[in-house]
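In what comes next, subunit A is part of two complexes: it sits with subunit B in the first one and with subunit C in the second one.
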Partner chain A sequence: MTARSDGLQRFLLGLVGIGLFLGMWQVIGVYRLAGLTWPPLTDVLVFVADPSKRTLFARAITASFIAVVTGYGIGVIAGIALAMLGRVATVLKPGLDRLIAVIHAIPLVALAPLFMVAANRDSTPASIAALGVFYMIYVATTSGLNAASAAHRDVFTALGASPVTRFLRLELPAALPDIVSGMKLAIPVAFIGAIVGEWFGASRGLGLLMVSAMQNFQIPLLWSAVLIVTASSLALFGLMSLVERLTYGRYQ
Partner chain B sequence: MSGVIKGLGRFLSNYWGVIAILVLWEAWVNISGLNAIVLPSPASVFLDLASAPGLYAANAAQTFIVALLGLILGLAGGIILALVAWASRLLNGLLTPLGLIFSCVPVVALIPIIARLLGYDMRTEIAIVAIAAFFPTFVFVGAGLRALPPGSDDLFRVFGASRTQRFLRLVLPAAVPNLMIALRLTAPEAILAAILAELLMGKSGLGFMFREASGRFAMERAFGTSIIATITAVICFGLVMAAERRVAARWQ
Partner chain C sequence: MTVPAIRLDHVGKSFALDGGKQFTALSDIDLSIGKGEFVALLGPSGCGKSTILRLVAALEAPSTGKVSIEGADPQALSRSHRLGVAFQDHALLPWLDVRANVALPFQVAGKKVDSARVAELIRLVGLSGFEKARPRQLSGGMRQRASIARALALQPEVLLLDEPFGALDAVTRRQMNVELQRIWSAQRITTLLVTHSVDEALFLADRVIVMSGRPGRIIRDITVPFERPRKPSVMRDPAFHQLVDELTLALEPEGEAE
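The block that comes next holds the complex of A and B.
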């Protein structure tokens, strides 16, 4: 009972905190406390909802979302597949780990020139997103596949389960919570990859919109583009947190 | 002879992934018929590195300093706010959810806004890195301050430790391992944020070199910058790992 009211209190305080933050944003904007480049929250929201801007935003959002979704999808599939490969074919594992370490050591920006020549400029955002997501998922899946306890593994072996059965019935379900956690953490990474990729000369997208608005002093447009990106990243992150909680409830 | 084969086998098992990528790259260049202007050969990249070592070193040093100063400021800010939140239940309730939300925001999306707010300046670059480091530090150190070893707080009370003593001898040391986790997570992000800030608005630094080189299609320079950026990131990461190991040895 006290735990519940404690949680409720914390939740309400958190809401108040977020409300205070949004209120401060509005006040700073209305009274120009941070200069002309900080618009009130309501101005930004009105700008986003403005029907005359709809095609502009729709084009940019579509381009960026395709990059995010493609990159995320490729990254998740490749990450899980390679982690499983390392699990099944143990000879390959050291080489895989070394490759992942090398990829991780390279800052995502440093790969941009490579993608620009190897792919074309419009697929750079998805490629960079895919690479960042891939790293996250590979690490999460690898640690997840080790999560099944040795005792469970012994039970399966003693009862005559084949390695394939053991993998499908024991190790994969045991890895699911870690994989889902990795997928949650990979969401902001996918957005970062897509935006950074767009900065390297994509022809459309929210990242491009941000930079051109920044350079041309289109303050409401700049804040709107940033708001759309952060809000969608947070919304998807929240959704994955929910999935994560369900997975933990079911598989742990 | 068998030693050589064994050594070769170990080398292949460790590096087959990296080798496969290089072979695929080479094959892809040959098949798609890209010419050398678009994709420079490794030799020409190294030639460019050797032709202007001073330029590369100066810009790398600047990026490193921006990342380092920003990291220090961000860590300090995060620690201070975590301590404030620890001391006050009300502030903790108000700030922790906000901190959690902001630590999940793709920080690079905020760079254009911060650039516009603070002006195109090296101080702005440092501020961007500091903001990227600030939120994860706040969240992790805050969690560390509250995750005391079970029973330890009671022990301190039983022996009559004052609030100050408990804070200095128990709570503060308990948060140090979490601080190191925050440092490990934010250090690569600091380098990335520094390079991106320079890319968008800088007049020097590795990010600026990227923009300048890819703007005039000087791909040797762009690839050279990639290599230097990777080395800078690896050095930064190595320093953090060394610090973490030292702290772990002291704290276990």
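The block that comes next holds the complex of A and C.
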């Protein structure tokens, strides 16, 4: 009962926060407090909803979403798979950890030009997204696979569990909360990766739209693209937060 | 004499503490438990009772001496799925409901889950109606009972129970004691029970071992004379009272000195 009203209160406070933010955006825009490059929220919304822009946005959104989804999917699968490999083939683990840390230490942006020349330019956004997501998921899964408590490990030892049984029935379920948390945090990473990849000259997408709007001083277009990216990323992040709550309720 | 079911041959156990010091938890424990025997371990908190159970379960290795089960390495027992353990902190898996937790030993052993046996065990420990509840939805005592059911699932040859009834009220505890005696009588599982209750030890066990702490060692080994099956009324027997007094005295700090 109180837990529920607590949750409701948090939700309402969250709504108030978002409302305040949007209100300030509008006020700053209407009174030109931040100069001409800051349009009011309503102008941006009108621009996004303008039927004549529909095909432009639809094309860009489709391209960016395919990049985000592909990069995210590949990153998640590869991250979980390699973390599991490190768990099963323990000889590989230290090497794997080091290699992945080194890859992560290189700024993704610095790798983008390499992708452009090495791979197809249109696969650069998804590749950069995948690399960022992969690192997060690898780290989350690796720590998750260590999350089972000592008491639970003892139960499996006393029951005479084989390594495979222990992995499937203990370590993997115990890792789920960490994996899902990683998947939540990886959502903005996938968006950043895809947008940055598109800046480097993909042939379509919201990132490309941003760059060309900036260069041509199309302020409402620029803001519209930013708004669409931010709103989608936040919405998916919120969805994953919900999944995360369910997982924690069940697996911890 | 035949090979004892459980043998602790002059076993000592010390733990490395932070800072490189050694802490001696057990010193020179010499204990033989016969096949089908029910032995209760009594002793003050921290005297090493759980450590003895962990040594028998092969979850710890002795620092000195040797632990063997039916003459073999204790690991052989757990590896062949013939060991049942109910730990002090129940250790149920939070993502499984009661039924799945009790069925876990079957799956770990790669055996087909015997649903009838699982249901029967859940009924025996008084958890009928809670099959679908998750551990977090149960009280401490209910979790303990679920963990006892799990320990019994595969009809183990050796049963280790670490304060299994600690969180129960007196009435439920009595009921559980009666049930446990019934199960034990039917199957004659070699059982090692840790408890803080002198009554419980005397009611259930063939032998009561009293330990003292720092370092943990055995100070008494008493054979319980009462006929089986024992009814709760045995607790009103004057001989029972006399043993309770004797053991209670042995457990008191002055009792060690004599």
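In this text, the second predicted complex is superposed on the first by the 235 of 252 C-alpha atoms of A that agree within 3 Å, B and C clash if a C-alpha of one lies under 4 Å from a C-alpha of the other, contacts with A are read in each partner's own complex, and residues count from 1 in each chain.
The rule we apply is simple: a contact is a pair of C-beta atoms (placed from the backbone, for glycine too) under 8 Å apart; a residue touches a chain by one contact, two chains touch by 3 or more.
This structure is a prediction, so every number in the text was calculated from the model and none was measured.
Contacts of A:7 after superposition on the shared chain: neither subunit B nor subunit C is touched.
Using the contact criterion defined above for the overlaid structures, shared-chain residue A:251 touches subunit C, although it does not reach subunit B. Of the two partner chains placed by the overlay, only subunit C lies in contact with A:170; subunit B stays clear of it. Once the two structures are overlaid, the count of subunit A residues touched is higher for B than for its counterpart among subunit B and subunit C. Legend: residue contacts after superposition of the two complexes on their common chain; A:96 is shown touching subunit B, with no touch to subunit C. Looking at the shared chain after the overlay, A:23 reaches neither subunit B nor subunit C.
Applying the stated contact rule after C-alpha superposition, one finds that A:158 touches subunit C and leaves subunit B untouched. Every residue of subunit A that touches subunit B in the complex is listed here, in rising order: 9-10, 13-18, 20-21, 34-35, 37-38, 91-92, 94-96, 98-100, 102, 105-114, 116-118, 188-189, 191-192, 195-196, 199-201, 207, 210-211, 213-214, 217, 219, 222-223, 226, 229-230, 233-234, 237. Those residues of subunit A that touch subunit C in the shared complex are 149, 151-152, 154-161, 165, 169-170, 173, 176, 250-252.
For subunit B in complex with subunit A, the residues that touch the partner chain are 12-18, 20-21, 25, 28, 34, 38-39, 90, 93-98, 101, 104-110, 112-113, 115-117, 188, 191-192, 195-196, 199-200, 207, 210, 213-214, 219, 222-223, 225-227, 229-230, 233-234, 237.
Across the complex, subunit C meets subunit A through its residues 54, 57-59, 78-81, 83, 85, 87, 89, 91, 93-95, 104-105, 107-110, 134.
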